[in-house]
Amino acid sequence: MIRIRRQPLKRKVKNEKASQLSSSQDIPLSNNLEENIKYFTSIYQESEDVIFRSFVVDQTAAAIIYIEGLSDTQKLDEQVLVTLLDKSFHEQDFLRSVKNQLPISNIKTITTFSDCIDAIGNGNPILLFDGFEEAFSLGLVKFEKRSIEEPQAETSIRGPREGFTESLGVNTSLLRRIIKDPALKMKSVHVGKYTKTKVVISYIEGVVDQTLIKEIENRLNRIKIDGVLESGYIEQFIEDNPYSPFPQVLYTERPDVVSANLLEGRAVLMIEGTPFSLIAPVSFFSLFQSQEDYYERFWIGTFIRSLRFLFLAIALFLPSIYVAITTFHQEMVPTNLLISIASARESVPFPAIVEGLMMELVFEALREAGIRLPKQVGSAVSIVGALVIGQAAVQAGIVAAPMVIVVSITGIASFMVPRYSIGLAIRLIRFPIIILGGSLGLIGIILALILIIIHLSTLRSFGIPYLSPINTLQKQPMKDTLIRSPLWKMGTRPHLTGEYNAVREDTNLHPGPNKGSE
Amino acid sequence: MLEKGRISALQMEFMMVPTIIATGVLSIPSIAGRFARHDMWMTPIIGSLIGFFTVYIAWKLHQLFPRQTPIQYSEQIVGKVIGRLFSLFLVFFYIHDTGLIIRQYSDFITGNVMLETPAVVFSIGILIVSALAVRGGIEVIARSAVICTTLFLCTSVALIFLIKDLDVSYMLPILENGPLPVIKGGFVHNAWFSEFFLLAFIFPFLNSQNKGLKSGMKATLYVMLLLLVVNFFVLTLLGVSSVNQFYPVFSIVRAITVLGFFENFEIIITASWVLGNFVKVSVFLYVASLGLAQLLRLSDYRLIVFPLCLLLILLSYWDIPNIVVLVDYMTKVQPFYFLLVQTVLPLFLLFIALARKKRSESG
Amino acid sequence: MKRKLLCIMCFCFPLLSGCWDRVELQDLAIITAAAIDRMEDGEIQISVQMFIPRAITSGQTGEDPSLGSTFVREGKAENLAKAISMLQMNVPRKLFWGQCKIYIFGSELAKNGIRKPVDLLARHPGPRGNSMFFVSKGKAKNMLTLVPPLERYSAEALRKLTEDELGLLTTLRDVDIGLMGESESVSIPLIKKLVSKEEARKSHETIPVIDGMAVFKKDKMVGTLNQKETRAILWLKDDVKNSTISIKLQDVDGDITMTPSLGKIKFRPQIKGNRWIMNLNIAFEGDIVQNETNLNLMNKEVMMNMNKEFEAALKERVAQTAEKLQQEFNADVVNFGRRFHQKYPKEWKKVRNSWDEKFPEVEVTINVHAKVRRPGYIGPPVALPRDEVRE
């Protein structure tokens, strides 16, 4: 159902903070180490990987609680335990002197049970002392993670080959390496009752619109679910129009894409546990931009981008145009071609639309099967696909050769889209268009096109119309949509929401041989 | 104010151009040709004078009552009773006109492209789509109009392929029968050019309130140029036999061949024409439902869109029995009727409003 | 709940619409050419040539190639529309006119008047406005049964022949405009069967070829022009492509032939008192292609001399044909009337209804300007010893 709703950006700021933990409330730690340990033991009952180490520090009982595999046990041993067990500390200001003498770069003081449980869950060992109501959370997180490798879902010929990994710390560090200015802010929020996933909202202050950040925070705080496993969960909870097949948030694995969007004034959500980060707000045309358009020179960028739009049209409409023309408008086809198609279709028992839908479904099945395949079986499936469906079915007279050609070209065209999410949307929409084309001919296809255009016109992504900048048709923003203007001409940032900092670069940057001497 | 959206002047131009041309391009050449014969290519120039005039009237009225549609300010000008009567008349006029437009559209398609399908299928099709656009508000209409108009005009560029078949000598002798037939032919255009009064419903929603006049005039100019080009092509390709045909533009489009290979383009041109027609029906439907909602003091015009569509499907069937009567109506009745409602009556309103203003300023 | 119901209804809408216009390709009989004849009893017979789509996958089935890939069916009734419905009853698939580009009229029908069949062709949405018309010698149906050795079907061969020489191409639109316009006459190419004398081929394995033009006045055929006269008509219509002009010089044996590569004709109508004069200025230039004489074409005087001869040759050719059109047929197929109308609208108004009497009285003056650009690759005649070459 196409829900037509205009939702301008909410400008009121709600100062809610959702309660994040359903279990342990903000009970402060008690003085008594035994009580604390008993509380923790009861919570971590039947979890053998939570290690309790009790010892004595300078006549004070102490305990360290950590989760095996999440903390750096080597450093814990060598730096924490050694120091605590050997040295002696000031009697009066015990905690402060301990803190001063522990050679750990990140020590936080925590006072509530819930904070302790958070810390332990994140891999920071807790240091508890008898007689004190405060505990230390030691920043000794270390766990096995994937090394930085080339992102597999978004390869490019030219450009950095680093991709995000599942660890949030690594991701933010990759981002900091690219954008070094302190204006890059990283706000964090926790989402998910059991997963307590840390979500970092990152933006460049002074470039982004603050209302956007507030809106994102509001939407994140409204999420009350059990767990967040992937950025997709968050994406589906914060988008403007969940019924639309079109994605309203962009996801990417590449830090250079993220940085480019940050510099244009967008905000990024990095979620722990997944290399895919979300970028908002997004417009229809930014889903057709690939980072490589910008790294190569502008003729190639323009050409490839225009080619993408052409193939977008082909991917959406080619099967239905074929069905429509061969069943409704046969006079459009040149005579010789018509005779060839007629000869090819002579023996096929199905009407064109059934044939079309069948072939498309088979193609989709092939694609899905190809993703799930174990590597050894991969070649068998390609042989099956090519030989059986392509060759044998045509020879047996079940499908016509032109249909196979059409479906393959459509398949190739749908891979031209750089962002997988919108490729999925296109694959989906193709089927209703085939049905409409098969029932009303080319008029039906046009009606489908109009419906898509209307739907895109009503869609908004975090307040900006989905079809920006076409809806305003101003010269400057249009430089980056259908064509790619040279980098030295793109002087302003796209207008995303509210007030914005427009100027991106100096105006007089046209390169040339004699410019340097002026 | 029932409509909170705002559009830019450029979007308004994109909206208005297909609104006038979409059905005009179907039948104007044959009707104008009946009066003006060889000189029919000049007739849009005469007709556009009415267009400029109507835009000006709409603009002046808008300046007196910014952010208000004619339904709202007619009451302020001539008093409640007459104002509401006038609004009622105007709204019914637009509803009737929309019904006619849908009739022309479905007639054209069932007569030429899809011969077996009953016309109601196409009426329902385009009404559903337009209703969805109208319910989205004027911003949605404007945004989709921008894209649809671009596609519509781009495919119309295919007319260039006809240039090698042109025979300019069909234009001679110029003004053989004097200027009177040309004026008569131009008068027929009134029905379409006076539709620019729709601008009076769109001006209140412009972003920048002072660009309206220039954009309106620009839109009129574009419409005139396009109609001129179309008439010119029809004349030089078909000669005087264009008068005999109901849809001469369709005939010439049928003759396009590219490289001797791509023939029979008319389906593509028809398809892109449907895009232009969608914009026209959306704008008319929007004005009709907005007007009706304001007249009946409804809280939201969106509620009335679908019931109006139902009424329109019936209207498109009920009024005109067949195409011959339709062409007759367009030749003899429409120029006068449309001119009356969309130019003359607003002119009276304008005079009365100006007179009142002067009186209140001096008194 | 209501919204869901609406959704479901909308979704079913295209599926239930029944697709009235949907015709599968297998259910279409693609017509490639149509022939309209008038039979002895006054009835109209329409024969259509339909294409047989052979499944490519069936491969070589060893069928007789002389049967060709088309077949012919006919329908007969008192008028064309009824004849077409009779025809549809004989054909199991739906007749599809969208690809039919060739309509052939039999000579009997042409003599009797083509307006009535042409009305159906113009009014019916199926036939297209730029389809080509022909008149055949004898029965038109015989043209359809021919099987060309080179093309797929005879209509294709005919179409290619006509497209080469565009001046001969007469479309439905041309006929409509021509018969409706000032001159009320039109010319349509005449076709006949090319008799093939190859021994390996059967007699029907040949193509129809263009053999002149049929002249129509007020929709009846009043006469034919042979090949030579047709060339002249093409000159008058400013549509010449392939043509050759030969001249014979005095005291010299043999012809010199040239092909014009650039030809332009300008019409200048003039009215002097009661005399109506049409001045034709023809300018053309070309290259010599054959020299049968023993003159050396590298010689400047020879070339200059030839220009005059070529001009005279063309002038005579055009004058002959123009006279034939005026006196014998009284059919203004080259649109003199329109040109007078364009230049002298007031005088034209007076004679408009009596153009039939005025047309033969129009004096035609022809002015030719020829320029032989090149003598070809070689100058003197080939294979002739030097002393026999005359300068």
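By letter and in written order, the chains are A, B and C; residue numbering begins at 1 in each of them.
Basically, contacts are C-beta pairs under 8 Å (C-beta built on N, C-alpha and C of every residue); 3 or more make two chains touch, one makes a residue touch a chain.
Not measured: the values here are computed from a predicted model.
Taking the CA centroid of chain A as reference, the farthest chain centroid is that of C. Here the chain at the heart of the structure, going by C-alpha means, is B.
We define each chain's centre as the mean of its Cα atoms; on that basis chain A and chain B are separated by 46 Å.
A separation of 66 Å divides the Cα centre of chain A from that of chain C. Contact with two or more other chains is made by residues 114, 117, 121, 264 of chain B. Multi-chain contact residues of chain A (touching two or more other chains): 328, 331, 440-441, 444. Looking at chain C, residues 17, 19, 21, 98, 128 sit in touch with two or more other chains.
Here chain B touches chain C in the complex through residues 111-112, 114-118, 121, 124, 128, 169, 172-173, 176, 238-241, 244, 251, 254-255, 257, 260, 264, going by the rule given at the top.
Put simply, chain C touches chain B in their complex at residues 10, 13, 17, 19-21, 98, 125, 128-130, 163, 173, 176-177, 180-181, 338, 341-343, 345. Taken together, the chain A residues at the contact with chain C in this complex read 1, 326-328, 330-331, 335, 338-348, 351-352, 394-395, 397, 401, 435-436, 438-441, 444.
On chain A, the positions that touch chain B within their shared complex are 2, 4, 6, 325, 328-329, 331-334, 440-447, 449-451, 453-454, 457-458, 465, 467, 470-473.
Chain contact summary for the complex, chain C toward chain A: residues 3-4, 7, 14-15, 17, 19, 21-26, 28, 30, 32, 51, 53-58, 96, 98-99, 101, 128, 152, 156.
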